[in-house]
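Note that the chains take the letters A, B, C, D and E in the order they are written out, and that residue 1 is the start of every chain.
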Amino acid sequence: MSKKRKIGLPPGTLVYTGEKTDIDVKITYVEYNEGNHRSETYERSDRLPIHQSNESIVQWYDIRGLHDINLMQKIAESFGVHSLAMEDVVDVHKRPSYTEYKNGHFISLKAFDYDPKVKEVQTQTISLFFGKGFVLSFQEHEDDIFKPLRDRIANSSGRIRQRGSDYLTYAVIDVVVDRYFSVIDKIEETLEEIEDTISNDVDAINKGEIQETKVNLIKVRKSVVPLREALNQFIRSESNLIDPSTEAYLRDVYDHTIQVAESTDTLRDILGGLQDLYLSEISLKMNKIMQFLTIVTAIFVPISFLTGLYGMNFEVIPELKYRNGYYMLWVAMVVITLGMLWWFKRKKWL
Amino acid sequence: MSKKRKIGLPPGTLVYTGEKTDIDVKITYVEYNEGNHRSETYERSDRLPIHQSNESIVQWYDIRGLHDINLMQKIAESFGVHSLAMEDVVDVHKRPSYTEYKNGHFISLKAFDYDPKVKEVQTQTISLFFGKGFVLSFQEHEDDIFKPLRDRIANSSGRIRQRGSDYLTYAVIDVVVDRYFSVIDKIEETLEEIEDTISNDVDAINKGEIQETKVNLIKVRKSVVPLREALNQFIRSESNLIDPSTEAYLRDVYDHTIQVAESTDTLRDILGGLQDLYLSEISLKMNKIMQFLTIVTAIFVPISFLTGLYGMNFEVIPELKYRNGYYMLWVAMVVITLGMLWWFKRKKWL
Amino acid sequence: MSKKRKIGLPPGTLVYTGEKTDIDVKITYVEYNEGNHRSETYERSDRLPIHQSNESIVQWYDIRGLHDINLMQKIAESFGVHSLAMEDVVDVHKRPSYTEYKNGHFISLKAFDYDPKVKEVQTQTISLFFGKGFVLSFQEHEDDIFKPLRDRIANSSGRIRQRGSDYLTYAVIDVVVDRYFSVIDKIEETLEEIEDTISNDVDAINKGEIQETKVNLIKVRKSVVPLREALNQFIRSESNLIDPSTEAYLRDVYDHTIQVAESTDTLRDILGGLQDLYLSEISLKMNKIMQFLTIVTAIFVPISFLTGLYGMNFEVIPELKYRNGYYMLWVAMVVITLGMLWWFKRKKWL
Amino acid sequence: MSKKRKIGLPPGTLVYTGEKTDIDVKITYVEYNEGNHRSETYERSDRLPIHQSNESIVQWYDIRGLHDINLMQKIAESFGVHSLAMEDVVDVHKRPSYTEYKNGHFISLKAFDYDPKVKEVQTQTISLFFGKGFVLSFQEHEDDIFKPLRDRIANSSGRIRQRGSDYLTYAVIDVVVDRYFSVIDKIEETLEEIEDTISNDVDAINKGEIQETKVNLIKVRKSVVPLREALNQFIRSESNLIDPSTEAYLRDVYDHTIQVAESTDTLRDILGGLQDLYLSEISLKMNKIMQFLTIVTAIFVPISFLTGLYGMNFEVIPELKYRNGYYMLWVAMVVITLGMLWWFKRKKWL
Amino acid sequence: MSKKRKIGLPPGTLVYTGEKTDIDVKITYVEYNEGNHRSETYERSDRLPIHQSNESIVQWYDIRGLHDINLMQKIAESFGVHSLAMEDVVDVHKRPSYTEYKNGHFISLKAFDYDPKVKEVQTQTISLFFGKGFVLSFQEHEDDIFKPLRDRIANSSGRIRQRGSDYLTYAVIDVVVDRYFSVIDKIEETLEEIEDTISNDVDAINKGEIQETKVNLIKVRKSVVPLREALNQFIRSESNLIDPSTEAYLRDVYDHTIQVAESTDTLRDILGGLQDLYLSEISLKMNKIMQFLTIVTAIFVPISFLTGLYGMNFEVIPELKYRNGYYMLWVAMVVITLGMLWWFKRKKWL
């Protein structure tokens, strides 16, 4: 949620809603067309050169870090990004969406990281703005998740060098969505572990693990379902910035989001089943405990009563005088015990 | 719910359905255009001047307090508000909605306050009616939630002074919707607290807190989902009172309502998970208690039986004559106890 | 459900499916236009005069009691009501619906009464058939719920006297729907009572009250959701029997049905939460009981074992000879007891 | 489910998927128009005369028993029924559906019987194929559920004799759907019985009865929801085999299917509530049992400890020498017991 | 899930995501028209002849095994299959879908096998690509599930020899979907077994069997619901590769997928009911155990107290001197026991 949201500020005011940080914003610039390719990295944000529109090449600015509001403002102005779009770029709580502006298309989506230590899905916001011949990608964290894609451009592998900014946008989204599958795989493994633990030793269940997995699934679903809708709108856009041949690729990544969404639903159903299994295992264990308590009680209480009986100090208790009284009592107690055991056996408590 | 609803009264009859109060209705009047700005406050309702339509300025009447039916009637007449719209203004149970009338647009929505002491979301109804050059805003409570907006108008910050009544309407809605996020944040914090409490000390759970949080979420959702629909209708309205450039802003606030609605769903799922966690913690605690009881019983009942056995008064109990009888019994009892403990250990009850 | 449904009878056969009764059908006739007004009541059904169509006035026949099939038949014929509509009029299990016939519109809906003694929502079927200049209203029970409306017509209050049969139909529906709100209020109060009872004394819960409230909510929802759909169809009808100016009023009552439907959903969610609260309270109480049992057992079983130990009759039990043996045992027992209490305290069982 | 389904057979292959039987297929033939009426019954399937198309009359072949594949084939050919339709006729697991073929309309639906002994809803598949001047009705079981309809045709009651094959089809469907209501009534009665049993004596609940009722409701819903869709398609068909005046009747039966579907939903919600009630009653009973156990234990364990105390054989136990020791102990024990009872009273355990 | 998914690879890269295997890919080639039929089998993938387009015959390549990427590439090129389609062919986690490409139609679906030993549904991915005069079918496993279909083609049974590649595609899908029904049957049988086990001996329930059955149902549903959507798109395709007469057959198989989807929903509801039944049986059993424990305790604790009482060593306990003291105590104990039993009987605990 948006912990630092502005109330009463005019719309379009840039307010960074993420964690404050002192790290410099990193900007990687790539330009390419079928024949040429050039790449530069800017560590210090103020050195960013002025954007020059050039129709014959594709220019990609990959901005990592959103907290430098001044830089954001400068970029927004030099590419003519709508102020509402920039407001969304710096709002890390923005839900995935697609908006078509006059001079470009804005797409917001979430990238996932899975932290295996705490079994937690970590989310960062990625925003894309692409127009004629340029793509701006903004990401919250500084890890360079688009490196494989830049390598592909550099190596000229695949068809990316022959295509425009719409295809590059697709390629960026594709990288992000591909990462969803590995998160889904991780959650699936966790579910299998939980199932094994419940079946083998219900007490060994890590408290709250089921709940954490549920929260992870909710996070993934909350990101992927709006993205699916956003991609659907993107595909149906009739903008001439999008080449018809790109549509098949967009459909493909759209299909992947459907698959991820379906997987989260499936995993959620399975998790729901595991929770039921867990509850019934706890109840079953309680039954076991109670059965044991009852058996112990039911065997010893009657025979203890007998020992109490013959521990009384009445002057006249004829049995106490019997020569074999003590042995007869033992026989009686063994018979009672065996009878109880037989009865519990028949009741399948043993 | 509408505790004081009229049955059998003709439609359009103004019936105030909120809490009766003696406080004067407060009216703040603002008029502005790009160059000029004037603001007045009326504490006593009867001094309200007669509305004069003026196309070159935007006039905003902010009415706080709905209980003065006569005043409401007078306002309705001077601005030509439809009687059904006015009936809705004074009905504090009105669900959020949008209606287009001949001479203006009516929007009803809910504003939230979060009372941190009782952790309760408090709701008030806000109604907006805007036409050519004027906006009427009606709110139930007297706290001045639109002050930041009036300040922005006064300071001429943002683009509001260059725009018409449609943009002002948007800005008012935006202020209300922005406040939703902080309520969502508060509920989220409460959920985190509940989760911590359940994990650490399940008995410390404040009875009913889960239910109260659920009710808060229901309240928010009940307000935001119809508002989302109302904004959707508002956007699709083809009225010439709405400038095309305002649409992007309306879409933005519409998007915020979607985000709030999705957040309530998410929080609800998480809350549902917490409830399951809570129930399983209670069951687990019961298991623990029962295990302890069973262990105590299973250890002491057999050895107590032995003490009873040798407390009997039979004339012939050979063991009682043994020189080391007492010590042998102690050995037997220690063996039994250790055996039990080993067995419970193996069963992981200890 | 339809306990007395006909199987194999031709469609359009009138079969009264409600409770048989000997009470006479009561018919109240009102005719009015802007200037004139006349009202008559027929206690004995056979005296009903023949309907004479008159375009300059609105004629309203309010029929209370549906069991007199012959009378129904006569009415159907004199107004040209379709036989399938009449079949629906006398079927008290008919779900709310709207059908447009050639010479009129048929609307079926449910009116509610709340019986505070048994906290039960009671339902009756109301059918409306209106055509050019006339409205027929059929209701199952004899209580005169439309009296306030007839008074309004008589007193010429509101705009009803200037309008046609479509507006009268709206007004009748409005009266019925307004009554829904008070039922919702009653159910809301019941929920608050249940919540208080659960929090204060879970055992004082009236068995089955939660279930009864749920059934009440189901009843209301089952009636209001189809009515909402029916009104939606009614509004979209392009019949020239409906004056365009009536639409705003129909929309208003349609909006009320949405509000009632949303309220039932909300209350249902709250009730679901109460049920969870109830179950967890029962479990918590069980935990309390078990804790108490376990504490009592854990304290007394060990010290009772000690008393048993020194109640044995071995010839050699050295401790028994100790001068302070008895007092030392007391010390031991007090230490054991205090140790247990301290341990339970630490475990927060006390 | 389809226990005998063919895999790999070409589509359109007739495979009877129901129970094998030796009973002869029964065919009842009726032909009628406004003036004439003739009816014949064929017990032995091979005697069936060749169909002769006759536009001035309606011909109805009612075939009871689907296992005679050769007969089915012969009928299919003589009426030109599409092979896929015939495949569906003999598949008793076919879900309700509507298909329009070139020379006729095919409708598949389910008829219910309620077996009061086992409280089980029994389902049979009914298929209808009607074309110009003829209706074929196929039913799985041999009981003659359409007799009342044939009697109506014979007695010329209602408007059926003046109408065509479309109206006859409607009338057949109407008979089947009317039977649904009595099944719903039966299930409703069962629910009331279950509720009474739970409230009065939770142990008397017949194991599995709730589950069986749930399965019955699932069966009904599974049959009626697809039928509703099928009828909706049927109504919207623009075939000239369907007279416009029949539409009002089809809408009526369509409305009945909606009502049945809504009733199953309602009953299911009620049943869900009963299940919750049942579970809470079981828990409450457990609480009662535990309270009783705890009270017995808490009263007797302390006073038994006292008796053990004074049963010890220490040489020095001063109290044992007291003249009134025994009586003082009795007083102590009575005080302890009364104290315990008072405490339980205050805790509302008694 | 896709355990081996590529991240950062260009779209259209063929990555086999299934289990690695050394088995040779098996290819069965069939060509036929109304008069001719020829069939060949290729065990070693490299011998596959070059495809020659021939409009007068239908050519069917059935490829079993997807792991030979080079072969896949070769096939893709010789038939002009789009690279995104081929990427989907070798992705065994691909969800069922339908895509229309310029030179053919791609359909992905899942085939099921039921392993009776572990009661697990096993899934394999089947992909179909058909164009003018040819059908490519790709399946993950090597078992020849389409043999019956090839036999039908060889034997010229049914209408398949007179039809084109669209009908063959339908026939292949039909074979796969027919197999769904037997899986549904198996799951249904498992549910009946589970119900029997719960009713007869709740402890005999195989741990996790309910969960496994739920997972099976989720698997089936996850495969059949997207397939239903894919078939719906297939039917609505206006491609001239699909003969209008094929539509009735596609609708038939589409209807089957609806039936399977509805059955999974039904079975899931039934399974949900079984789970509730299971939980209530566990609780009931617990109640039984507790009742027994309580009865044993309540009978023996009071009479044991009495024996303790008269085992005390007070010097003055008058009752101990009574001649019939012992016998009187026995009478008292029998009376207490009978009283307890009567009381438990009345409470229906016995």
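Everything that follows uses one rule, which is that a residue touches a chain if its C-beta (ideal position, glycine included) is under 8 Å from a C-beta of that chain, and two chains touch if they have at least 3 such contacts.
These figures come from a predicted structure and were not determined experimentally.
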Contacts common to chain B and chain E (chain labels): A
Inter-chain centre distance, chain B versus chain D - centres from mean C-alpha coordinates, in Å: 41
Cα-centroid distance, chain D relative to chain E, in whole angstrom: 26
Per-residue multi-chain contacts in chain D, two or more chains: 279, 283, 286, 290, 293, 297, 301, 304, 308, 311-313, 317
Ordered ring members, chain A first, chain B second: A, B, C, D, E
Residue ranges of chain D touching chain E (in the complex, touch as defined): 1-3, 5-13, 82, 84, 87, 93-95, 97, 99, 101, 201, 203, 207-208, 210-211, 214-215, 218, 222, 226, 275, 278-279, 282-283, 285-286, 289-290, 292-293, 296-297, 300-301, 303-304, 307-308, 310-313, 317, 319-326, 329
Sites on chain D touched by chain C in the complex: 147-149, 151-152, 157-160, 171, 174-175, 178-179, 181-182, 184-185, 188, 195, 199, 248-249, 251-252, 255, 258-259, 262-263, 266, 269-270, 273-274, 276-277, 279-281, 283-284, 286-287, 290-291, 293-294, 297-298, 301-302, 304-305, 308-309, 311-318, 348-349
